[in-house]
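You will see subunit A twice below: alongside subunit B first, and alongside subunit C after that.
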Partner chain A sequence: MLEHYWSVTTSLLPFLWKGFLETFYVSLVAIVVGSLIGALIGVVRSQRIPLLTGLFGLYIHVLRGTPFLVQLYVFYFVLPNTGISWLSWDSRTAAFVALSVYTSSYVAEIIKAAIEAVPRGQSEAATALGMNRIQRLWYVVFPQALKLTVPPMSSVYVMIIKSTAILSVVGISELTRQGEVSILRYPRDILFIYGLIAFIYFLYCYPVLRFARWAERRVGMARTVDLD
Partner chain B sequence: MTWLLDFYNYRIVAQYLDRFAEGLRNTLTAAGVSLVLSLVFGTIIALALLSKRDAFHRPAAAYVAFIRATPLLVQIYLVYYGFPALLPFAKSWNDMYFGIAALVLNSTPYIGEIIRAGIESVPGGQIEAAKAVGMNYGQRLRYIVLPQAFANTLPPLLGQTAVLIKDTSLLSIITVFEFTSAGILLNSERVKPNESFLTIALGYLLIYLAILLLSRGVKQWLAGPAWNAQA
Partner chain C sequence: MFANPIVSVEHISKTFRSAHGRSAHRALDDISLTLEKGEVLVIIGPSGSGKSTLLRTLNALESFDSGRIMVDGVSLADRSTDLNRLRAEIGMVFQNFNLFQHKTALENVVLPQIVVRKRSRSEALSRAQSLLEKVGIADRANHYSSQLSGGQQQRVAIARALAMDPKIMLFDEATSALDPEMVGGILDLMRGLAAEGMTMAVVTHEMGFAREVADRIIFMDAGRIVEEGTPGSFFTSPSHERTRAFLDQIL
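== the complex of A and B ==
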């Protein structure tokens, strides 16, 4: 019994490792690209620029109000169907773009909240010293806001890692997909293989979750599920 | 109007209206039943997390850590293939039952954490006062702690409800006929991705907006008349 599971594990480990590397890669791309887009949107939204704030607000609500699976289908089926040539991408590009865009909606709100959490007096004092808007943000607000973003950004990173599993439905060879392929080889061990996959995700996510909790105690910013 | 029909042929959507309605019904059923069960189990988990006894605290913490650190999709597969193999009574379940079981398993820790935070927000003096008038643990919980904790947990609970409704979309993968499945059905029969997936995206968005408005109303209501007069 135990020997059987051991042999299944050792024969599958190279495949699952390949899947894990893809999961790792996708999640890394999504957090980097998503943070860049999200930071831009968050900064603009925190500045209350009339038209842009509303427009980006709509962007965020659309992305947070629909399931990631549905968004993935839109990026995978609908956008290549529009007839615009550069949107007729392959499944891997669709998956990467979908996850990055999804990530950006969460990052934007974190950045906005962090900027607004810096006391107003800081910005006003900078104004009194004759700094312009860019200087105030860059030298006074950002450095103080940055540390506030660490705990919620870690939580978002875990959320991204978990969302990469959904990419298996459009055929991306990440961890879950590699597991499904492995099950074709060992159909009787389906439960064991899914358990193994869950364990690998756990090894990736749990340290990040611990870090988020540690950072939260240091920074003291609440991490609740809140709609606004 | 032809450009609109080319991009989004609402007549096809109208033909599938009853399928979309059926899917929506199943989505709301799955989310609603999961929410109620998660509230019950979440309260138990919250009490276990707050317990000073290791025998209660440790297993609850391990369960919460496992759920938070693994993807919902993998949890759904584990329930879908694991329950019939491990639990004799689950052999005759239909897909919907497995879906609800997976969602409850997944959302219980999140709701438990919300309830725990709510309980911790009740001032210690309240509990001491309840002890002073001779209430036992059950009475303190029933009459003092939970009613006050509930008010503090309502806004995050609504947020979690929105997450739960979005999560039901993954049940389409284990062939539960919910809202997303209706879109997939339209696309596989007519090969019309716009009509299929933009329709369900809009549907989810409307549900989300309804919860968002409700959440804002609840926050105003909880803030009380004095706060609202100022604003």
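== the complex of A and C ==
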């Protein structure tokens, strides 16, 4: 019995490894690109800039208020068929763009909330010292907001990693998809193979969560020391 | 005695409105005053009288609806005025200190010098160190604000404001959030600044300080200046009933 599972595992491992690499790659791209876009949008949203703030608000609410699967179908089926040439992308690009955009909506709300959670007096003191808006944000508000983003950001990142499984429905050869193909080869071992896949996802997500806890404690150090 | 106003406020008014304009509160009602170089002006009044709002209009932390404010020769309402540059010349000390929480005491004093005054780090550091010594907190230079008592935080905040070489210092109830035994030390610092000739506008409830240090006292109520005078005349023979009632309450 054990021998059987061992042989299934060893024969599938290179195949699943390929799937994991694709999962890793697409999640990394979505997290990096999505965080950059999200950070920009979040900063604008926290600043009440006419027109832009409202426009980005719409962007965020639509993305957060609809299922990712539906968004993926829009990027995969609808946009390439609009006849606009630069939108006629292949399925892999569609998946990468969809996940990055989805990520950006969550990151934007975290950044905005963190900026708004920095006490008003901090920015007011910076203003009174003669700093302009950019200097206030850069030297006073952002460093303090950054600490607040670590816990929610790590849960979004883990959520995004897990969401990559949905990309299997549009034929991206990521971990879940590779697992489903494997099941065609070993139909009787469906439970074992799904278990194996779940374990690989866990091996990816768990260090992210641990890292977040470590980072949270590190950046929080200065504030937790309290002599009163 | 004075001939050179560094601040002049002419007939300013300000109304706070709720989000949908359903209610309005007249915070400042036709306020006029001047502040001369080297003068210490103390503003007193009941809470909600507009004294903090008035102080905050002087460095444009608060806008006003009508009237004119001239500070150091420029008009605050003028669109061409660089408010950030002007604010660098006006130090402000807050009731809640507002030290930058992610910086040590020393770095709180260093940062604005580098960012706003464009000083080198070594110059900013030596200035910061000597100012922390001056306010009596040099031994806590490497502590964060969460590790300092209220009185210690306020000392750092005063050093931070002084590091910009301000022409005017504004104090917005600088001792109101302090434990009673901390108040005296901060008032001593303010007294010292006044003695050095610093131009100061001070919102406070400390009548002893007002009587002793002020060149002029303004009493505000409901957004208006009710009475203005020297400490001598103000405390011994207030001319308005409202002033007398207020002084009876707190003295």
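Quick note on the criterion: the second predicted complex is superposed on the first by the 209 of 228 C-alpha atoms of A that agree within 3 Å, B and C clash if a C-alpha of one lies under 4 Å from a C-alpha of the other, contacts with A are read in each partner's own complex, and residues count from 1 in each chain.
Methods note: a residue touches a chain if its C-beta (ideal position, glycine included) is under 8 Å from a C-beta of that chain, and two chains touch if they have at least 3 such contacts.
These numbers come from a predicted model, not from an experiment.
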item: Subunit B versus subunit C as contact partner of A:206, first or second or both or neither; value: first
item: First (subunit B), second (subunit C), both or neither touched by A:169; value: first
item: Which superposed partner A:27 touches (first subunit B, second subunit C, both, neither); value: neither
item: Partner with the higher number of touched subunit A residues, subunit C or subunit B; value: B
item: Partner chain(s) touched by A:143 [first = subunit B, second = subunit C, both, neither]; value: second
item: First, second, both or neither for A:65, with subunit B first and subunit C second; value: first
item: Which of subunit B and subunit C A:121 touches, first, second, both or neither; value: second
item: Subunit B versus subunit C as contact partner of A:129, first or second or both or neither; value: second
item: Shared subunit A contacts, counted only where both subunit B and subunit C touch the same residue; value: 225-228
item: Footprint of subunit A on subunit C - complex, ascending; value: 59, 61, 84-92, 94, 96, 98-102, 111-112, 115-116, 144, 146-149, 157, 160-161, 164
item: Subunit B-touching residues of subunit A, taken from the complex the two chains share; value: 61-62, 64-71, 73-74, 77-78, 81, 158, 161-166, 168-169, 176, 190-191, 194-195, 197-198, 201-202, 204-206, 209, 224-228
item: Residue ranges of subunit A in contact with subunit C within the complex; value: 119, 121-122, 124-132, 135, 139-140, 143-144, 147, 222-223, 225-228
item: In the complex with subunit A, residue positions of subunit B that touch it; value: 65-66, 68-75, 77-78, 81-82, 85, 110, 114, 117, 155-156, 158-160, 162-163, 166-170, 172-173, 180, 183-184, 187, 193-194, 196-198, 200-201, 204-205, 207-209, 211-212, 215-216
